[in-house]
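All chains are identified by letter, namely A, B, C, D, E, F and G, in their written order; residue positions are counted from 1 within each chain.
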Amino acid sequence: MALKTEPFVLNIGPLHPSTHGVFRLLATLDGEVVIDIEPIIGYLHRGIEKLAEEREYQKDIPLCDRLDYVAAMSHSMAYVMAVEKLLGISVPERAEYIRVIMVELQRIASHLLAVGSIANEIGTFFTPFMYMFRERERILDLFDMVCGQRLLYNYMRFGGVSHDLPEEFIPALAKFINQMPGYIDEYDQLLAENEILLVRTKGIGVLPPELAINCSVSGPTLRASGVARDIRRCDPYSIYDRFEFDIPTRTAGDCYDRYRQRIEEMRQSLRIIRQAVEQLPQGKVNSQVPIRVRPPQGDVFVHVEAPRGELGFYLVSDGSEKPYRFHIRAPSLINLTPLREMIIGWKLADAIVIFGSIDIIMGEIDR
Amino acid sequence: MTAAGTISQASALASDWPGNFWLHLLVFALIILAFVILTVIILIWLERRLLGRIQVRPGPNRAGPFGLLQPIADVVKILTKEDTVPGWGDRLVFWLAPLVAFVPVLLVFAVVPFWNGALLADLNIGILYVLAVSSVASVGIFMTGWASGNKYSLIGAMRDIAQLISYEIPMMLSLAAVVLVAGSLSLNEIVAAQDVPYILLQPMGFTIFFIAALAEANRTPFDLVEADSEIVAGFNIEYSGMKFAILYLMEYSEVVFIAAIATSLFLGGWRGPFLPPFLWFVIKMFAVFFVLIWIRGTLPRLRIDQVMAFAWKFLLPLALINLVVTGAQVVFWPQAPYWSLVPINVTLLAALLLLWARFFRLGGSRVGI
Amino acid sequence: MLGFERYGNGIARGMAVTLRNMFRRTITTQYPEERLNVSRRVRGNILGWSSEKCIGCYTCARSCPHGCIEITTSSRGARGPVAAPCNQACPAHVNAARYIRLIREGKPDEAVAVVREKIPFPSVCAYICAHPCESSCTRGQLDEPIAIRMLKRYAVDNDTGLWKQRSRVAPPSGKKIAIVGSGPAGLSAGYYLSKLGGHSVTVFEALPEPGGMMLVGIPAYRLPRHILAADIKEIEQAGVTIETNVQIDAPESLLEQGYNAVLLAVGAHEAIGIGVPGDDEPGVLGGVDFLRQVNLGRRVELGNRVAVIGGGNTAMDSARTAVRLGAGEVTIVYRRTRAEMPASAEEIEDALAEGIKIVFLAAPSGVTSKEGQLLLECLRMKLGPEDSSGRRRPEPIEGSQYTMPLDNIIAAISQRPVVPASFAVDTDKSNRIQVEKETLTTGKKAIFAAGDAVLGPATVIEAIASGRQAAISIDKYLGGSGDIDETLASAEEIADRASGPSEDWRPGVAAIPLGGRLDGFDGVELGWSRESAVFETERCLRCDITYNVEKYRLNGGLCIYCGLCVEYCPFDALYMSYEYEHGWYRFGQRLLEQEQLLVPDKVKPSGYAHPEIEETLPQQTLLIDRD
Amino acid sequence: MTLGLEHYLVLSVVLFSIGFYGALAKRSAVIILMSIEIMLNAANIALVAFSRYVVPGLLTGQVFTIFSIVVGAAEVTVGLAIIIAIYRRRETIDVTKINLMKW
Amino acid sequence: MGLEIAFWVLTIVAVAAALAVVSLHNIFRASLALIMCFLAVAGLFVTLSADFLAAIQVLIYVGAVAVLIILAIMLTREVQRGSFSNRLNVPVLLSTILFLGVAVFAVMATSWPVVTLPLLEATTTALGSELFGEGGFILPVEIAALLLLAAIIGAITLVREE
Amino acid sequence: MEVGRERIYSAAELDAHEGALIEALRASSQQPVTDPDEWLQKELQRNVLVTSVDAVLNWSRRSSLWPVICFPACCAFEFIGASASRFDMSRFGMDILRGSPRQADLLITAGTLTWKMAPQVRRLYDQMAEPKWVIAMGACGITGGIFRDSYSVVPGYNRIVPVDVYVPGCPPRPEALLNGIEMLRQKINARSISTEGE
Amino acid sequence: MQALSFDEIAGLISAKYAPEMVAPSQGSLVVGGEHLLEVASYLRGTPELDFDYLISVTAVDYRGHFEIVYHLTSLQHSHSLVLKVRCPQDKPVMPSVVSLWRGADLQEREVFDLMGVSFAGHPNLKRLFLWDGFKGYPLRKDYSSGT
């Protein structure tokens, strides 16, 4: 339909099946072509930053879980690391390894969801999504085993983790990491060379690296554009400097690359977990830190590589038991910056796919 | 005065039936209605169960044995639901649209032979009738989209119209090839002429017809009309209650309709050994259903411009070539034995598909704003 | 743009995958087998509460991130008292929980009596005790432990001598006991043997004044001398004779002089060197040696730049003393990080406040002297894996040497006892006298040993406990009952408590200002006012008394199952079991407040803190597949 | 009264008149186009009716109708294209406001 | 009998639909009425034993022309404006009535040479041989095809974007 | 609260309109909406005919609860988890997830509701055709949960829409959600058309 | 491609700008509000500094003045820097750095929405999370929701 017609405004969301939550996109369409968009967010703005400033440090851990509810482990870990930096305490070895295992598992779970959603937005009738959820459920089972929760774990603590792994965990995890590559191959068989998926994603929504850097895009979205920035490598935190893993990058920066990027990162995460399980030492999992803490005055910025990108916590302490300022550098929000450039000129259906391939979580955007 | 024209022909064909013409009409109309609705119900059940199996889960199994009553529960529930009419939009058209969309699909079955001669009216323009009547359904869909006063439904309707107009042409051309081979427009005669199923004689025709039929029935990968992830529910977004039930019925009736046409034209219709002809017809239809559901469980969706490009750049040339080749075969080699034509045509299909796939590109780059 | 590059074989592969999956077994409601094998649930979605264990301390309600636990206790305790953690942790078993309550009731003299029941040095302990009670305080898991030492100090500062009224004095037994060393162990043993055993006790001290390490190891700014003198005076009043400037060479000679038993409590007064090349250079001092010189009033010349090696209390004392002696630039070099430092936190705070720099993760590797100036060569360290003590072992980083120009180095790494060879007792490799653990008897008849001489460098309260132990042992050896307990405080009624403990943090400890502090050796820390003390007592959880919980309610609609309450409950009264949550209908507003999610009085093994009492909870099978 | 040629002719005339009225009296170009289609249909009815009643053996009238339909389709195509082109340029398809062709 | 009933019903529908096309305010409904009119005309073709034509009528007029018109309506936002008459409303109405009267009179007054010959059974075959057979309309068919092609190309050229 | 069709021309007007809507709803929604189905406990007087009709109707309604998409936050993932293969909500005939509220029967409030979102949810609920049900899923859906004190969070969906079943948890496990749905099915079973529409 | 330490960066900056414009303090550079854009473009444009990636922009309410905190990093050199800019509470206006780093776009809007600091030169400065008509700026310390 190449006919140029009168543009009209289409309101996508906030309750739309593929907005990943309550995102609203005011799209101006010309026929099917998107000629202008305005993202409207805030439908899930729960005021987490304010709530966190009104609560004591340890009570903010559940809040951090609820930031990005698909990657709760990563977020609580980043927060806990920030407070540990403020307090100047160190973490036992075993706790560090457990954290890494948990965070990388969380990354796989999160990427599974992201890739599944991309497939859904391209229009498969939930099949890849269901397959990915099948494996995601296994990861959730592992988390359930450790934390007794499936989604929001509240597992990280200042100076370690809440409690040790149950003894059944490691065999189950080993089984999972042995089986997971086979499942990833199955996804590739189902999707990676599917012609329809190729024509729907290749060359669509290209994000050039210069724009990505200028817009402070981070995470898989940035790496799919060819910029090898991964906090795990460029500013190693925790014990990531002890593992061998690659930072996969892709070059085109289109939807297909963003999808493949996540698949590759899953494989790398499996590699990290495998090493971490092999090296997992015995010992304490928590250095005995009081529940209520009063960090000394000062500010601290800690950033980690969350599944969606560079997650930062900026904490200001005034010496009381509540953070004076609690700011989250939410990767999802900032990854939205180049959305307009990426979407404009594409069809409505492409817009949905492009939007999905950035992989946002509203809880983190709106906070 | 006796009924003239086509109607008289129909009654003449049906004269071996018990009762007079009107009774035949009535009985057959009821049979068709029952057949369509029953098949749709089973189809819905089958689709949900099979999709479940594809997604390694059981699918609906609580209502009735194996969940067989699930579609009935759905229907009863939908029918007793409040019938909402959007505050804006066109109320009259909103009311009419489901009927306009559904009735043509039902009308198509008038010429579908369930058995040798077992059809409501064996029109001598059978295939033309099918194409003509089914194209009316698109008007109904457009009416739903427009009357809802909702932009999503309008987009869905626009997509449907574009898709239908585009895919009608390759479909028509592929059917024309069948007509050339069979030498008749009447479906019953075409079935009768199929000593081997035309899927073997017309592999290219079948491929094109099948793809076009997927598009006509708005099935994956051409289900843009109600693309969940883009335009929520498409043209029926504002419908609820009875009217939604009719639209829902219409969608699945279209599937039944394309399965019935594919069965009649390419799969040998009611012909088959051992089993009663009607059963053969149903079995072949369900084989088509299975493939449709399987495709739905696997494939992503194309984009609207790609759908159009696919029709115009891929299917249409192939359909034309197919028509020319078939015409040549019919004219220059009318007495060709099947065992020689089948391999020739299959080879031709493979060669053409590979060749065309090399040159063919789905368009759709970014539009400069 | 792109076309069908692969002629549809990608689609065909995808179709093959779905077809294959079509014939797979459905995974619905199949839990992976790992799940079924989990022996214990760590956290689940049903919160249970045990009235057996709950003492009504309100910790759970306060740890809840958004207040969905409501708890009401009655004002009177239901059970108790039992031994509180602080009581158990004290080597001398001073009942801290009890005197804290007495202070709250405004009876500091009774509180002193409670302390006096176990130790003869209440004032000394009130000033410088290493307070293991605070380390084990339940409140410490929450935020900060109760400032038990400061409360004790408030009590002794406001003592009226009430304890003397109930004081018991045993009849003379006629036995003579000699004690070598007038440190905390020796004086404690002497006090109890004299007062409650009726023996005649003589304490021999080699230094000119009694007090041992309390005198020479602890700077006067921490323990003012008149406080020590007062406590020693009480001991002397109890009948103990102290002879100073007497060096005992052989315990047997005392036995020959007519003493029935001899207690060796010589302490640990020898500093251990750094153990690197050049640690015998002039200007390198031992920590205790340095402190002893200063505390005995002798002049010690220090340069401007002083480094103190070590991270213990001795190192802090040395550094702070050095500051007071006029050293401008004092640096503490420690090879681990602050988290691993053995010195007490407030000492470190004070040291930092007084301008002392602490260099972490650095270890000396050599000392050289150049033109009257010392060069301390240090190696950067990093923390490696944990060792047996649970601390992370420092590992040197190769090639990270650096040097510090210094005037003096004080090696405050550790001490060891000086046991003359003439004692002829068995010692181990760090020179500690080998004794039998229970009776503190050495290999020789009638010769006992106690205090740092046995324990190695330890705390005052440990030495006192050791002295008590020695007193019991000696009394028994001499035919006594070994009963050295006495009841000095009046019997206690269980105190009321209207609400939970206060949520506040410790009140600040007043100290003389920094400016005036560094000029001399006046006591730095000032005692608490009554208000501060009472304020602090309000924070006590009263672990020894179980209060009656009248209402314990969880707002099920609000709970987010974060498990913080369970985790933070000091008494394991809460547990979470593995079940899914139940929904409920609402009829009006009533059911929103339903306590459906709480399972009171049903003690299920939680597995949370007690892995040993585990038992697999029944698996919830809600869904039965009908296919 | 048996059905005769006149019936169809009169129907044709009536439809033609309606189309005629619409084509002349309406402002909207689309409606005008639709009216023209009605007129074409009216003519087709007349053609088929003549074919049916005047030369039943020959189908010349129907052949002409086919051509008429083809021409009608072509006319609609071009007409709508013009309408859209005008609309795009002038934002209206009100023929009374389109004086482009006026001299 | 059935034929007459069919005729009258279809006539009424066709005329009513045609009237609706010119009189309805809502253009979308007018286009729907046009489809109704086309369908009725197709039915009239059936009563005239022109079943192939009827199918063609439905296929082309309903399936293509009407849909195209609706698309055009959507693309030009004509729905929001509505259908109005122009200034010539009354004169055109009068002249239309005049024309109607004259034409009806002419039709009724003329004596048509009606022949009653048996009808052809299958018009499709006959139509085919009429069009493409010996002495048929093969040239006009080609010309018509050319015309359509020209029209399509012309239309595409007209609406193509720059 | 069907929103009238107003002509809005600029983005600023749109924002202002939305803001006014939110403030109006906020002012009017400080009290929980009562549940319309309070008759549930009462033993109803029904005649035989109505009972059998009820049986069929209720069977069909409870066997085919089509949820509408309303995925504000965390609970959405457990809801999706419940509909994914592992828990397979579709067994209860709930596999048709309607994007359009018109055809849906069940609103599962999967996530925190903010005031900015509240008009949308209210509108969604209003657009659903009767009979319709609401399950408040998760602590946020019931009371606002951990975000209850926030300036922008609605303390519970029952301020906006009447809620039938509450499923606590944060988020509730899929089993819990299925249990809640089972309760809703029981509740539906107790309905009667003779009292409908009152 | 040499990563510079903070002191080296601070040295470079102090060599170029007067101390009242830029002053290093506790691991961060404190920049005067009116000089922000100048300093920022120097940081962005100088090849040996090349701060091309803006990690985060946020603001802290210090009861009396706001402090806007910029976390910058350089992908080339992998060194990073914290910029702090103060602005008084009674006149909370800052120059926007969107022209230098587009990544600041949404973050500055966020700061405007929640903290009430407006950014001069921002292309689309309006509320991001909260709705039109919301009263107050919730992240300010003096904000109370009243509920």
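As a working rule, a contact is a pair of C-beta atoms (placed from the backbone, for glycine too) under 8 Å apart; a residue touches a chain by one contact, two chains touch by 3 or more.
Predicted model, so just to flag it, every value in this text is computed and none were measured.
**Student:** What chains do subunit A and subunit F have as common neighbours?
**Tutor:** Touches both subunit A and subunit F: B, C, G.
**Student:** Enumerate, in label order, the chains that touch subunit F and subunit G alike.
**Tutor:** Correct list: A.
**Student:** How short can a chain-to-chain path be from subunit B to subunit F, counted in steps between touching chains?
**Tutor:** 1
**Student:** Distance between subunit C and subunit F based on Cα centroids, please, to the nearest Å.
**Tutor:** Between these chains, centre-to-centre, one finds 55 Å.
**Student:** Express in whole angstrom the distance between the two chain centres, defined as the mean CA positions of subunit A and subunit G.
**Tutor:** That pair's centroid distance is 25 Å.
**Student:** Based only on mean CA positions, could you tell me how far subunit D sits from subunit E in angstrom?
**Tutor:** Taking the average C-alpha coordinate of subunit D and of subunit E, the gap between them is 6 Å.
**Student:** Rounded to a whole Å, what is the gap between the Cα centroids of subunit E and subunit G?
**Tutor:** 71
**Student:** Multi-chain contacts in subunit C: which residues touch at least two other chains?
**Tutor:** Within subunit C, residues 1-4, 8, 11, 14, 17-18, 21, 26-28, 45, 65-66, 560-562, 626 contact more than one other chain.
**Student:** Please set out, as single numbers or ranges, the residues of subunit F touching at least two other chains.
**Tutor:** Subunit F, residues with two or more chain partners: 84-86, 88, 91, 99, 116, 146, 149-152, 170, 173.
**Student:** For subunit A, what residues touch not just one other chain but two or more?
**Tutor:** 3-4, 16-17, 42, 45, 47, 50, 62-63, 127, 130-131, 134, 137, 152, 190, 194, 196-197, 199, 203, 366
**Student:** Which part of subunit D faces subunit E closely enough to touch in the complex?
**Tutor:** For subunit D paired with subunit E, touching residues are 2-11, 13-22, 24-28, 30-31, 33-35, 37-38, 41, 44-45, 48-49, 51-60, 62-63, 65-67, 69-78, 80-85, 87-88, 93-96.
**Student:** Enumerate the contact residues on subunit F facing subunit B in the complex.
**Tutor:** Interface residues on subunit F, with respect to subunit B: 2, 5, 56-57, 59-61, 63-64, 84-86, 88, 90-93, 95-96, 98-100, 102-103, 105, 127, 129-131.
**Student:** Residues of subunit C touching subunit B in their complex?
**Tutor:** Answer in residue numbers: 1-4, 7-8, 11, 14-15, 17-19, 21-28, 625-627.
**Student:** Show which residues of subunit F lie in contact with subunit G when the two form their complex.
**Tutor:** 12, 15-16, 18-20, 22-23, 115-116, 149-152
**Student:** Can you name the residues of subunit A that touch subunit G in the complex?
**Tutor:** By the definition above, subunit A touches subunit G via 41-42, 45, 47, 49-50, 53, 211, 213-217, 227, 229, 234-235, 299, 301, 303, 310, 312, 314, 316, 324-325, 327, 329, 333-334, 336-338, 366-367.
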